[in-house]
Amino acid sequence: MSISTPATNQTVTAQERSFVFKVFKSIRQFPMLYLGALIVLALIVCAVFAPEIAHYPYQKQFMDGLTQDGQPHPPNAQFIWGADEVGRDVYSRVIYGSRVSLTVGVFSTAISLLIGTVLGLISGYFGGFIDMVIMRLTDTVLAFPFLIFCMALVAILSPSEKNVLFAIGVLGWGTMARVVRGQVLAVKEFEYVQAARAIGASSWRIMFVALLPNIFGPVMVLAALNVGSNIILESGLSYLGIGVQQPVPSWGNMIAEGLQTYQFAPWMLWAPGIALVIAVLGFNLLADGLRDILDPRNVTR
Amino acid sequence: MSNVLEVNHLQIQFKIGERYHEAVQDVSFSIRQGETLGLVGESGCGKSVTSLSIMRLLAKGTKISGEVKYGDRDLLKLSESQMRKIRGNEIGMIFQEPMTSLNPVHRIGRQIVESLLLHRGLTGKRAADTAIEMLARVGIPRPEQIAQEYPHQLSGGMRQRVMIAIAMACNPGLLIADEPTTALDVTIQAQILDLMRNLASEHRTSILLITHDLGVVAEMCDRVAVMYAGKIVEQGTVRQIFHNPQHPYTKGLLNSIPKITGERKRLQPIEGNVPSLRNMPQGCRFAPRCPHALDKCRVSAPEFFEIEEEHKSQCWLHA
Amino acid sequence: MLSFIIRRLGATVIVLFGISVLTFILIYAIPSDPARIIAGQHASLATIKEIRHNLGLDKPVPIQYIDYMGRLFHGNLGTSFIYNEPVTQLIMSRLGATVELALGCWIAELLIGIPLGIFTARRARKPSDYVVSALALIAMSLPVFWLGLILMYYFGFIHPWFPLGGNSGFTSLILPSLTYGVTGAAVYMRLLKSSMLEVMNQDYIRTARAKGAGENRIIWRHALRNALIPVITYGSIDIGTLLSGVILIEATFNWNGLGMLAYQAIQQSDIPVIMGTVLLTAVLVVLFNLLTDIVYVFVDPRIRYD
Amino acid sequence: MSDTLIEVRELRKHFPIRRGVLQRVTGHVRAVDGVGFRVGKGETLGVVGESGCGKSTMGRSILRLIEPTSGTVEFQGKNILNLSKADMQLMRRQMQIVFQDPYASLNPRFTVAKTLMEPMIVHKLHDKATRMSRVKSLLERVGLDPDYAERFPHEFSGGQRQRIGIARALTLNPKLLILDEPVAALDVSVQSQVLNLLKDLQDEFALTYLFIAHDLSVVRHISDRVLVLYLGRMAELADTDSIFSDPLHPYTKALLSAVPIPDPDVRRERIILKGDLPSPANPPKGCPFHTRCPVAAQICREQVPEWREAKQGHFVACHLA
């Protein structure tokens, strides 16, 4: 780097160029991260601006959405991705469906993350009897047939988006707690943790100020993966009819409709399914990208 | 005396990011039959990389040029399958970390038998017996029993003995020992060095000993090459290097280590830090830390100057 | 080694206890009154009260739990409210179908995942690795029920090579197994690949090279067994996911197994059946975990002699 | 002799070994087994021994980073092992530790400034500006550019990191520093820089050092007196010159003879010990060293040797010395 002449303009352009260059280099280095982030961003835009992006309200039934013999209309200029069996616009419903997926995926993960991180930190840091109790509890939660249990819980609480979110979040922290505990056990061995004790820092301070930032990376990778799998889980529950209820669209209940009609209206299967795959892929790419960044072998590159 | 190994103008480049960086630059040395050559230097000086390149064990994508002559063959020109016949057979190698250098899921006996199988075609009872014999030769008590055990059941010293048994199983002409005692305690280090010395003299095996410990060098080696930042800066017999060091780096090293005998006086450290691969200084690589550096040193890299027979040093001060 | 297994067995017992308590609490939390369900909509209060007494529902909760556990130890999971049949019998009649399906899915996962894992590890950072890895990432993102429908549409409806659902022999097993296998294999593949690459960087692989071992020997004799250790761990987690995730496959392929039984029971608040299936699945998961612990002992000598 | 700063008596740390189905305690690893010594103000006591001799555990037990099983540690006459949490917190200002691994001992997510301010924040000392100026002066004192304060550990070399670790230990103005292998992970040329720095700091701040190391030449260079540990027990304790010129314990003799000397013309009689260190979980009966001792007699197998003053200020635990 050379700072010589007072030609300030030149330095700015050089800096700009170096910034653009850096971004470009970083995209080349971590393509998955950027692709994933792009998809997730698109998903957020869809969810937030659904009324603007969708062509029609999701619950609106069109007379011309059905053919003369009462079957769903295939894609045309009016219904770009076709209509469903009661004449609603599939495209609009898919756009609105992103709201459910994103909300359930993100917030259920947030709940799991909170429970899992706190339990994992306590378990790993204190060890001994507390560790034993928390880990047996985790084993128990992990041994449960997660899907059946979610179904049962949602059935008890009555099916709704909020309850699905809650059930998935409250039951899904097992892996998170195990991973956090494993990370804590590894990081705890580092001498900087001993050094923090030597200066007299409290356990609370050590756990949240010294340890937590150091395990944050792997936990975020897991969280991103978890959002993806929770989106699938929600769609699975809705697919089985124990999730988001009609007429509110969820990609899962749209596919369930498709199950009845796929032999003569396959587009009802394609549109929500592909949306679902892309959304999940976005979070999986994000997770893989984060992992690449965090991999110390990539730092030097 | 004939040379077992001759390394000429060895150059090794690693790819970091988009660019290649020179880890080893123009390194030449030779080892005679039955002789022990010490390659000393601090971490990152390229001594381990040099030893791995002789065995061609560096990761793919590393550029190596120059010549590594073993007998009359240039190892860098051999095919991979020809090279495999050399590894473990004509050149044996032991490493720094005995704890991780043995396969955790295989029994000790099997790990020795593998060398015998690959190079001698020995199988079954004959191979097993030879393996046990090897274990006995490297001073392992109850060899029949140990052969049936797994690495994690042995201590660090024992594991290093097993590594030596593996390396020596096929009676190689050259043993490369890369920091063989660094991970061990002093009393165990003494045992291992003793063992290496005895085995080598018994079989007239040459040794390339890579280490950072000047004490180990003085004790084990006939000749020494001192490496700094990817280059050999001084080479000579062990007496020449220790009694009449010429290069400022060698002198600095010898002055900076605390001694176990003699007067206790303030140490004279070499100031500064070892340069990293990415920003190697221009000219002589030691110049930024050298107390005697001249202007010339910062511009152009010095050649070797012959001090006396066998003894040469790469420094402009001799000019 | 024996002590290790016995200790794992002990942990298993604790987990089983936890499972029974949690299930019981869950069921207790269900707001619908089983007595009312059995009695029907128009039953008198007296009838309901009598049914409640007969079911033991008027006793204190801990006593109910003890009664429940007592019956459990005699293999008695109660009687289904809907089918009016012992739950044990209902479960047994469906268990075979689910085990068959789960086994099919698991084998498909391993048959696809393990070889691809080794393949991509050996071709790391080459075009073929990038292609397979990208496909794996997509496969991982596929919801099984949707993939199932798509496969059924193409290979059952458009090209009627396989039956459109139902469990009737080997051909009907292929599509569901493949569906689950494709999505699940991606995880096995990625796990084995990264673990393989990590093992290949270990010092003992360098030792094997220094001995003169060839690439094939290094992969098969030295690396694979070490690389499989984390894969085994995942295997035990996967069995759990599989046993409950199989519901989606069963629902899609109209496969009349345990999953469908549980699904219908949940919709009809058939409490004894829900409890029975949840318990059985959990117990199976725990037993599989125990089994993997034992497999561990044979793969990793460091545990065997601990 | 100078005033005593710290006196350790009968310090023991036994780690339980849990075995079997019920994880019952079936024995103890006697990591530290009855160690006692005193260190005077401004003195450096070197502690040497091979891996597994308990020297690190001992250092950490004195600071209560590991709670010792029994014994007393008196700091200026006050037993710190039964201090309350709050009192111990105050005591921590008096005694600090420097670790071996410069890569593991600094929190990678903290800047240098944060690392050095943390002790002051925990102890609620000074305001923000004073803390920062103290950080800068500390950095300068340990030989680092104060402008480096906002950098992260990975931007530094091993030797520079170790200087940061030393600065952290000095933040609270302690009287005692426990140096746990502070130069073992450093390159030879950097090792001497750090050793010189430690000497200068000791003179400037009147520090007392407990210097734990496995490298005998380093210990000889820096220590006033030296304690030799074997299997968690004391083998020999004397001032540096007499322990190196006239070792009494056969273990000390073997240890000294095993150190390679960087001079090809010095050929010494080597005492090569047979076998490995016994497990501290199952130490030999009698003298712990008798299994490897070249001169062991019958009495060594039967009786634990007494800790006695063989010469003025020269203590040893050996029947034959």
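As written, the chains take the letters A, B, C and D, and residue 1 is the first residue of each chain.
Note that a contact is a pair of C-beta atoms (placed from the backbone, for glycine too) under 8 Å apart; a residue touches a chain by one contact, two chains touch by 3 or more.
Note that the structure is predicted; figures quoted are calculated from it, not measured.
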Chain pair showing more contacts of the two, B-C and A-C: A-C
Chain of greatest Cα-centre distance to chain D: C
Centre-of-Cα separation between chain C and chain B, whole angstrom: 53
Distance between the centres, which are taken as Cα means, of chain C and chain A, whole angstrom: 23
Distance between chain centroids, defined by C-alpha means - chain B, chain D (Å): 32
For the chain B and chain D complex, residues of the former touching the latter: 42-43, 141, 155, 157-158, 185-191, 193-194, 212-219, 238-239, 242-243, 252-254, 256-261, 264, 266-271, 273-274
Complex contacts: residues of chain D adjacent to chain A: 60, 63, 65, 88-89, 92-93, 96-97, 99-101, 104-109, 118-119, 122-123, 165, 168, 171-172
Residue ranges of chain A touching chain D (in the complex, touch as defined): 189-192, 194-202, 205, 210, 213-214
Contact set on chain D toward chain B in their complex: 50-51, 157, 159-160, 187-193, 195-196, 199, 214, 216-218, 220-222, 240, 244, 254-266, 270, 272-273, 275-277
Footprint of chain B on chain C - complex, ascending: 202-204, 206-214, 222, 225-226, 299-302, 305
